[in-house]
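Before anything else, here's the structure in question.
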Amino acid sequence: MATSKRITLQQAAEIIKDGSSLTFSGFTIWRRPFAVVYELIRQRRKGLHLIEVNGGPQTEFLVGAGCVDIWESCWVGHELYGKYGANLSRKVGNKEMIVEDYSHAEMMFRFAAGAAGAPYAVTQTSLGTDIHNPDYDMLGKAGKRDGNRIPQHKYVFTEDPFYGAGSQVLVPAAKVDIAVMCVQQVGEEGTVRVNGQYYSDPEAARAADITIVMAEEIVPEEYLRRNADQNTIPSFEVDYILECPFGAHPTGMFGRHDVDGAFLKDFYGRTRTQDGFDDFAREWIHGHDHMSYLEKLGWSRMLGLKANTALNYSPRTGKGGK
Amino acid sequence: MATSKRITLQQAAEIIKDGSSLTFSGFTIWRRPFAVVYELIRQRRKGLHLIEVNGGPQTEFLVGAGCVDIWESCWVGHELYGKYGANLSRKVGNKEMIVEDYSHAEMMFRFAAGAAGAPYAVTQTSLGTDIHNPDYDMLGKAGKRDGNRIPQHKYVFTEDPFYGAGSQVLVPAAKVDIAVMCVQQVGEEGTVRVNGQYYSDPEAARAADITIVMAEEIVPEEYLRRNADQNTIPSFEVDYILECPFGAHPTGMFGRHDVDGAFLKDFYGRTRTQDGFDDFAREWIHGHDHMSYLEKLGWSRMLGLKANTALNYSPRTGKGGK
Amino acid sequence: MNDYALPEEYGLADLLCCAAAREVQDNEVVFAGTGLPMVAIMLAQETHAPNLKLIFEAGTLDGRPPEIPTSVGDARCEMGASRASGLYDAFSIAQRGCVDLGFLGGAEVDVYGNVNTTVIGDYLNPELRLTGSGGNPDINSFARRTVFIMVHEKRRFVENVSYITSPGWLVKQWPGGDFVHRRELYGSAYRGGPSAVISTAGVFRFDEASGRMYLDTCHPGKTPTEIKEMCQFDLDISRVQGDTAPPTRAELRLIHEVLDPDEIFIPKVKKG
Amino acid sequence: MNDYALPEEYGLADLLCCAAAREVQDNEVVFAGTGLPMVAIMLAQETHAPNLKLIFEAGTLDGRPPEIPTSVGDARCEMGASRASGLYDAFSIAQRGCVDLGFLGGAEVDVYGNVNTTVIGDYLNPELRLTGSGGNPDINSFARRTVFIMVHEKRRFVENVSYITSPGWLVKQWPGGDFVHRRELYGSAYRGGPSAVISTAGVFRFDEASGRMYLDTCHPGKTPTEIKEMCQFDLDISRVQGDTAPPTRAELRLIHEVLDPDEIFIPKVKKG
């Protein structure tokens, strides 16, 4: 009907400019838009400002590649496959980037406020912790609180005037230029259906000014609209779509494939140093496109990750290859 | 597994005491827990405090029957079948009850705050209207703002300190004793699956201290848990369940039956006066139970309302009876 | 397309419906209330705005109902929808600034476009309590443009409404209650305001600077002076552009054969 | 049930897992992080707490995973769940006060139960940046009780943590940073706090009034004096109740044959 929203992987990365603020779909090591992340690294994007409900391998790859100046979030690591974010840790230690710490619920509420068009949210979480320590307002110390995309304050403390519920902390809405989503299905007009947990995807898409959806498959819009109550993000909140099977790898996707734990473990083990990261990037990112990446991974590895359609994950026992 | 949550219609109404604050599932003339509403009228409940995202026939029935002292909401009527709430209008005119007006979005945000455990929500809606007129704080004028279940202020005005977004209005969280829901399916452990629009049901259930779910059918819990991403309210938020087919009548239910417009029109036409209401209640409520009510409605009427399962509503053309 | 119907071929509801449909532009996100606005939007969708996105307050997003819903909570709203959810979604989308146009109604309107749907008479001693606000002020607070469809009676077009349910161009600043331009009050949420009132007499628009209503077009058969007489306030008739364009025969066919064949919202004109 | 295993039949991870499982009461709503806590909760579910409701932070509510998930975002979390949604739901439920018990971890803990998972060394000049808070402070702010499972090293049990990621019983009041009891700060959200630390040396609890940690039980083979030596602060050992109860053979069978047969979180003890 309307103008097509379809773009290529390369075009998706090109929409994200040097200095853009950016957020992603998914949760830690699940449903991260890796094919776009790889393409950003290939295109040598600089000065990104990541605002994430939580970080994960996508953070580590972008940070290791030197694409990121500012990271606002609460957590980074590879879950079972790497207990912290070694690249981020190194860059923070070297003061090569700014980290602004919030709690997980605070990040979630910041996105919920942004998605609802409210300037802030009110919560009682994390009172009394160093997350609220005024000396640790890193964007403030760096003189970046312009009140435009970056709020004038990290926090404001107040009291509840209605029920005497006590101390409250106001957290600023998350305002993001671009959200890049990785989901199971998107329709030709942009309707998204996430299967399984939707994490913070609906809020991320709505809080962002531009939303790019990379899907395992683009499906007929009409198919999704037969069951509107099973859809996750409405058509008009999605600006661009692209189909990219296994675009989440090495992270997992409910109903499609598991996390590639061995890949993440290898990344974690090899990228403690910048030389290690650069070596890993030469092997797996630069000089590749998505198809040659899949070829390099190979059929045996990918079939081992494939989800059983009755279970929605790859059972640990019963795989032919094991 | 655990103690059964099943109760009867009569027990459901008995949980709601004189003076309780109460909210409902649904939207205007859709999915209202009418069987429980009728039972409350039969049990001659008094002094109810209704806090509703929006009102509808259930409000009009309870108000007409003299069950309600306070109504906090934004709208009452019967949509196409009765353009305003004649019973509420009469009682307000006679100063027999207190009405506290908010806007629709404000009511929704009040419930969202209550559901999230926040004492208030921040919004920019309805600025400059008489909804914010300090002279029209009716609970304040009545000396009922105890800061316990009824907040100390109707509103608080403030400014956004983060982005300079300007004037903001803080609206107090909705705190409700009991939510009574009317849905398509509930599992034996309380998991709720709403088909179609869920309106403000998830927030209503979570904001309430006690949640009673009346369903078209109680289904095996295991059936609902096979597709957890299609469920609406989690088990542990539901305290009591009951099965009551057509319990929403005369309001409609997506996928099951349409609104009984003729019934609502008749109610609207006959209950402009208290005598008219009392007469209507004698005919349709007192002396009845749910089965005798259905018998009185009759098969022809109910089959005419039955939803086509492909469409989820009753098509206006093609019904045998017409 | 100059297939305009003759006066005897259409009724007032047809005229209103077509005038409302013409307020919609293609690709817009449109928030619709129950009733005639639904028909108008679906008419626009069938004619010049095939890609408009329809949002219903109860939580259906970008729906394509095959039959006119009887309310925004209707199961019919979900047919062909992109997403069916709830009110939190709908109002968040509105507050986030995603809504271009909203269609609303009212019992009274004043010269600044303030609308009353709450009460006739004094709020504290009401002559008649009406339905209340519903989403009227919410959509009107957040949409870029809003269009009101109203019955035109002199008692309904007043200098100041007795209760501002829905904000016009000049609104009250609390606690004092002095009138200020909505631009001053709404901050980042200021995106526009009432852009038209379509009454049973004519189409009215607003001067954004002064916030006052003026007459834009007269419905066929009405003169500017007659319409001015039908307002309690001093209506500006200096900017009249002529008559409201009548429905085309194609539009009438769509309304009566496709969209509302059962005359739920729009009665057919009796022939002969 | 007095089927306790002999010391050579179980490992430290088994002991921790069983001690953690015993913190759970039936019918409770329990918030679990990734790793050993998941095994502990599932063990409780298989033994004395069949009706506990398990919430994972990423958005699965009342799930019954048949295999141990590798993270709370795992597809495995959703098997048998009452609802699969997202983080807004999970944190709203927590803030609303629906969570009885949370299981958490930490790199450092202090005498007041404040936990650090953010940084080793000075925050502004870190020796080592860790993962950050995750949901640790959020669950710890809102649950009625929280239990921390930690490796016991002297450098980890300190008088004051270098960075309070997650609030203990005495926390900092900003802007000054003076210590106050959490009761004073949390208002209506005050529902309790850390109720136990289960380390690799013993089980510790807190005096709610003073907010200070004391030794409750020693793991078999450890003495109170030895454990006191393993803390930088002056550990109260006056209230010791004896040894931590070892795992039963039935519990060990459940852990290694049913819950974690692949030794993802809990290694099997090598026989002979």
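Couple of notes before you dig in:
Just so it is clear, A, B, C and D label the chains in written order, and each chain counts residues from 1 on its own.
As a working rule, a contact is a pair of C-beta atoms (placed from the backbone, for glycine too) under 8 Å apart; a residue touches a chain by one contact, two chains touch by 3 or more.
Values in this document were obtained by computation on a predicted structure and should not be read as measured data.
Using mean Cα coordinates as chain centres, the one most removed from chain D is C.
Centre-to-centre spacing of chain B and chain D amounts to 41 Å, using the average Cα coordinate of each chain.
The distance from the centre of chain C to the centre of chain D, each centre being the mean of the chain's C-alpha atoms, comes to 57 Å. The residues of chain D that reach two or more other chains are 60, 78, 84-85, 88, 91, 94-95, 142, 188-189, listed in rising order. Along chain B, residues 117-119, 123-124, 160, 163-165, 196-198, 229 each make contact with two or more other chains. In this structure, the chains touch in the following pairs: A-B, A-C, A-D, B-C, B-D. Partner chain A is touched in their complex by these residues of chain D: 34-35, 57-60, 67, 70-79, 84-88, 91, 94-95, 114, 118, 123-124, 126-138, 141-142, 163-167, 171-175, 177, 180, 182, 185-190, 262, 264.
Those residues of chain B whose C-beta lies close enough to touch chain D in the complex are 1-2, 115-119, 187, 189-191, 206, 222, 224-225, 228-229, 231-237. The touching residues of chain C, counted against chain A in their complex, run 27, 29, 50-51, 53, 60-64, 78, 80-85, 88, 91-98, 142, 188-189.
Residues of chain B that touch chain A in their complex: 113, 117-124, 147-148, 151-153, 156, 160-165, 168, 170, 172-173, 175, 194-198, 229-230.
Contact residues of chain A toward chain D in the complex are 26-30, 53-55, 73-77, 79-81, 83-85, 88-89, 92-93, 99, 101-106, 108-109, 112, 123-136, 157, 160, 163-167, 196-203, 252, 254-255, 258-259, 261, 307, 311-313, 315-316.
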